[in-house]
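Written below as structure tokens is the structure these notes are about.
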């Protein structure tokens, strides 16, 4: 038996939001327009709405440079969103939290979605649906290629649907539209918000990830803890033919660092990866290179393994700095934990999901070795307070893999996710024997 | 006693040419407009003129990419130069050789100047004379920062002045406007031209280089032999977290190569330098890098030392290719020799120079440890045929060092160089006891 | 019900053999005296006996140098063993295979033990039992520190006990005393022997390895495939101050190889390890080093993973050879596979073992991530022919860990192993419904 | 005109000393017997004699280990030298200074020779003269392969000859028998001795070095400044297959250091060399190496260049220590300066030499790019006080190059050197117009 049914033609509403977000993708920390649209709707529906500077209390890692930030801010101003919301934001301070306090005794149930896009040039092939149907990215070089447009949409749909049954709810409902998930930057930056201090249940969700259409994975474990570093090495330039000995060679420093990083030993307690993904050094053929930049990441099966390598990476760069008498700046531009879903909440989600006709199969719990997620910061906070947190996946047919220029989802699967999520409070009330 | 006096107000003519060249700088192998203007004038004055494809018979190393080449070709078309000349050119085939065959028995005397600019953004400071007097570079990001605008001008002036006294000349006069000297690319590319097969005397010249105003160095030795390489390493990308072992890591290959290159031993027979000036590798933080690019150069006190390191560099990259199972392309993008000036010709140049009132001091011969020059290819060819070749320097006050964004010369010093060079044939005739 | 009971006081016989082997340990490929004693006994009891050159048909990897080989051969000659056996051996050709052909239709059942010692100086502490009881190693610097003295003893005991019940046996019994297990060298060298061509059941065994006294592990899986390489890099010496450029630096070559080897990527299909354990290069402070030696090993969770890294290691050294223009010799000095025990035979062994009163606990099958074993070659051969092979472990209390100078076993546990093994044929006959 | 003639048959005396020293070579800092014999003779002739602990006041770098030291001390005790001298010595405190104070006003003239042997196994080929004539090294593995046996002999001969003409001398004569020249260790260790505080003229000398027989080089310049380092890197061992991450890999640390050291830039002010001559790391194939040892040296055309690289070497090892979290000990085991001979004294030596009939040719002053010498410490001290110092070379025919196992000199050339040196005081008195 279902407590709340979402009408089939509500899919049309979801589609419009999703295609609008898709058409105007904004990279992490610059979701100005996206956040403003979300906030505008939420306020209209009656939620307390908190935006940008009001919710980002931690360090904003990996904020894009000023040129890009200004460009997206300008775009947002030029769109039709209200400056009321834009004023609450700046680069590194974006995203929205909506709160509905029923005033009635009951649990605090939170939902978390992410809203940022990727720096990928979207396909303009005719077979690519967004191209066909005219909602291909208008922000050249940026694309919703990981489905966060649909996540934002599910969050909005959830907000609207729950508000419709407001008088059946108790406790508090919190919906988190987290910024900057790509590069795992936003989770740790908003986790300190006092709005998130007393959550009893937290639901997070991803679409796709290889899970087949019609399947819902209630709880996943196995996110890899990860740390992303940007490294800048500053040496001293010199002319290689005239006074080479006066140079401090940032290129050689980076070469030795790359070798040292890749030759870190494996870890006996679990999977670990260190990768130097990019390296750029030097300015001219006959100049001792004075500048090198590297982008690298660590992944670890556990947060402890990840931390082990974090320390070793710092050691290596301290060492290289001393070896070449160069200055090294190590900037942490992304960070996520390995936090498992709670099995108890997974069970409740499973039971909620099996009642939805669009859901063909439910997997209660699954180890999911693959990527990293900064929802883990919110999950950790909830669990530390004694709450339960669960990360779920809703299956879909993907046109191409995540982060691919032809990535696309099937929109009706947003409705499935929504149907599950709107029923979670009622399932919980039932379990808790409280009345909404 | 002077054979030929250049009138003082001819400086005004030189100035106009030079400022025009300065205002429209073209990088090596793309000197379309510059070559066309030179050719147009030379033809008008009565020289046989050979352009671009007619003179470049060797490999054109380090030709800029198509995008840049097309842009400069388009600029040239849009300028007022005749398409007649442009049709004789393409990227990698530029420059001009002018021949005046008197028909009278006598020596073949050749002069060589270079004409290309550098990829440097010119200063827009008010104190910078080209900015003040409105001839700052109109080709943003490119600049005559090494004085080749003045060299081209001296070549033109020489052509015009000699033509005026045509009936006093005997033998042949050849004036070479060599392309692509920066990066030492043009010398070896034009040296095979049959026009240059029987030169008895070759004069080449540079302005500045730290020599004080009023001083003329008749013959220099000590150019370092050099080879410039561009290296591309192609590996195979893979996801560092998913299938790292399937990657072939171009970044690590380049790091090992950089260390190997810099740890080549010194050479017991003279100065040698190997420098990896730039390195760029990888595309994303979590991707095994599949592409790396390096720019490096070798310098050697002798051509033999330079060759020794060329071989070692090739060995290192062959080794790295095998080590990492990557494909390595080593492109030679520049090459110059160590060829000394002939002391006998230096003496004649000295004697010519001391007769010019604008020349305060003449240094007959000087070891000049510093840079590299691809005029050395022409010098080698001449010497091999039994001719004499000399590389001279005319002093000036520099506003800033060579290759600096505020580099500038004092224009009157072009006149001094011209005065010396126009008198060289007469001095030689005197020595040879022939009559022009 | 037990088919064959070994009398308790037979332990005294085992003890004498074991202490004799322990007192005169011989390293792999030099087990001259050990093999001769084994052969002498086996022949006396009526076995067909094959020794040294008669059984080693493959490459003998990692044969010790001539000085050591001659020393151990001389010791063997000076001991009281018969020259008849010694003549059948040489360095790299040792070990014994005994065959008992009953002439009666029935299965071929083979047992494999190893017999070599380690280059470890045995403890002379009073608490060390071999010291106390006067059977400490007389071959200084060599020690039975891995229990192969007890393995050889179990093999001998098994031979004697089975011969006693010869008329109850059918088919063939083969007992393999494999040389050079340490460093995984002997397995692949003897596997080609035609004596081993038609084995139906193969039992191999180790004592200790952390398994508690009284416990028998019937079948183990999880040996890591491994390859051991010794690498010699030959360059050219030169005086670093006088003619450094004429040197070919083997030390730098080895340094780059070490970094490349340790920076090989992890494998997505399982555990893998590459370790450069030792590096020795150079002869004098001011000499460009002309010689470097490295000892390294690869381990892989599967034989395929191990092979993947073998290939990469070869690539790296080919690359280094080209990079530094040095000669590289890569000698495979050890090799083992990852071959699982057969579960069917493990079940039979388990059932045999639980009938022995000295066995307190039997573990039927166990994944045993740890070391490597060259018995895997024999297991692979048997399995390929359709036979079954099983590697078992008999527990004991160890005085110190394997390869430790105070390593020691409890001798009575040899008897437990023997009791299990002598009953295996009868258990098998029962299963096969044949009569011995 | 010669002031003092050494009789031809005095060569026999020199020969005996030299052959005795040659037969019992002692390495640097362990010249116990050699010093004792020298001291015994000097005292007998009437010199004030200072030995070992009385003259070594600075740090003794590179003292051999205790085992070797004890062995040579024992040998010395067992030889027939007086314990009186041995008691004044210990490892790191050897050598002799002899002083003759005439009591008459006059200059202090010092001579310096060295006395140590090399760790080289002397040839036992019949053609090798010391083998033929039965004075081949009795200390296996050690050999006078650089002629210091002849230097010590020349010093002794000089002492005896000058004492014979004691009443013609004025001022002071000092003869320094310096220990541990090989590895440039002794010079800096004895330079602080107050006995050396007021030297007006210092003469040092080497035999051979490629100078032809009959030729005397009065003054040389061009010694390379040098520093020798022994490096120990201590990490932490771990099993590469079990807990690799707990290791701290000293081998990889040393590999990175070797590459960094060899990739130090050349120096624009002069020749410089850094060489890692030996590297030894690790203990077992499957162990993360916990120990690495390196021997390296720096050479510099000037003391300043040498110091520049000393600093960079220290930086590199500090860096490597941080990178790999290992402990690095950098021990300076040798040090020498670049100090030129004084031209004024060279002139006097030349004039002295040309008067000797055995001297065929005299070269007054020569730049001698080659090795390093710790006599430079004494030369520097003398020059700083306003004195003059000169390093000379006496030619000879060498049987094989220095440091070769078949090295040998022609003994009669010792006599030539002696003839020059004994006459130096008289030449100086003449110059100074003082009377001896």
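Which chain is which? They are A, B, C and D, in the order written, and residues in each are numbered from 1.
Simple rule for what comes next: a residue touches a chain if its C-beta (ideal position, glycine included) is under 8 Å from a C-beta of that chain, and two chains touch if they have at least 3 such contacts.
Remember, predicted model here, so these are calculated numbers, not experimental data.
Between the contact lists of subunit B and subunit C, the overlap consists of A, D.
Look at the CA centroids: the one farthest from the centroid of subunit B belongs to C. More C-beta pairs touch across one of B-D and A-B than the other; that pair is A-B. Averaged Cα coordinates give subunit A a centre that lies 54 Å from the centre of subunit B. With centres taken as mean Cα positions, subunit D sits 70 Å from subunit A. Residues of subunit A found to touch two or more other chains are 240, 242, 244, 249, 252, 256, 259, 262-263, 265-266, 273, 288.
Those residues of subunit A lying in contact with subunit D across their complex are 240, 242-245, 247, 249, 252, 256, 259-260, 263, 265-268, 288, 308, 315-316, 318-325.
Of all residues in subunit D, those touching subunit C in their complex are 224, 228, 240-242, 244, 249, 251-252, 254-256, 258-259, 262, 273, 275-289, 295-297, 299, 370-371. Contact residues on subunit B toward subunit D in their complex (touch as defined above): 259, 262-263, 265-266, 271-273.
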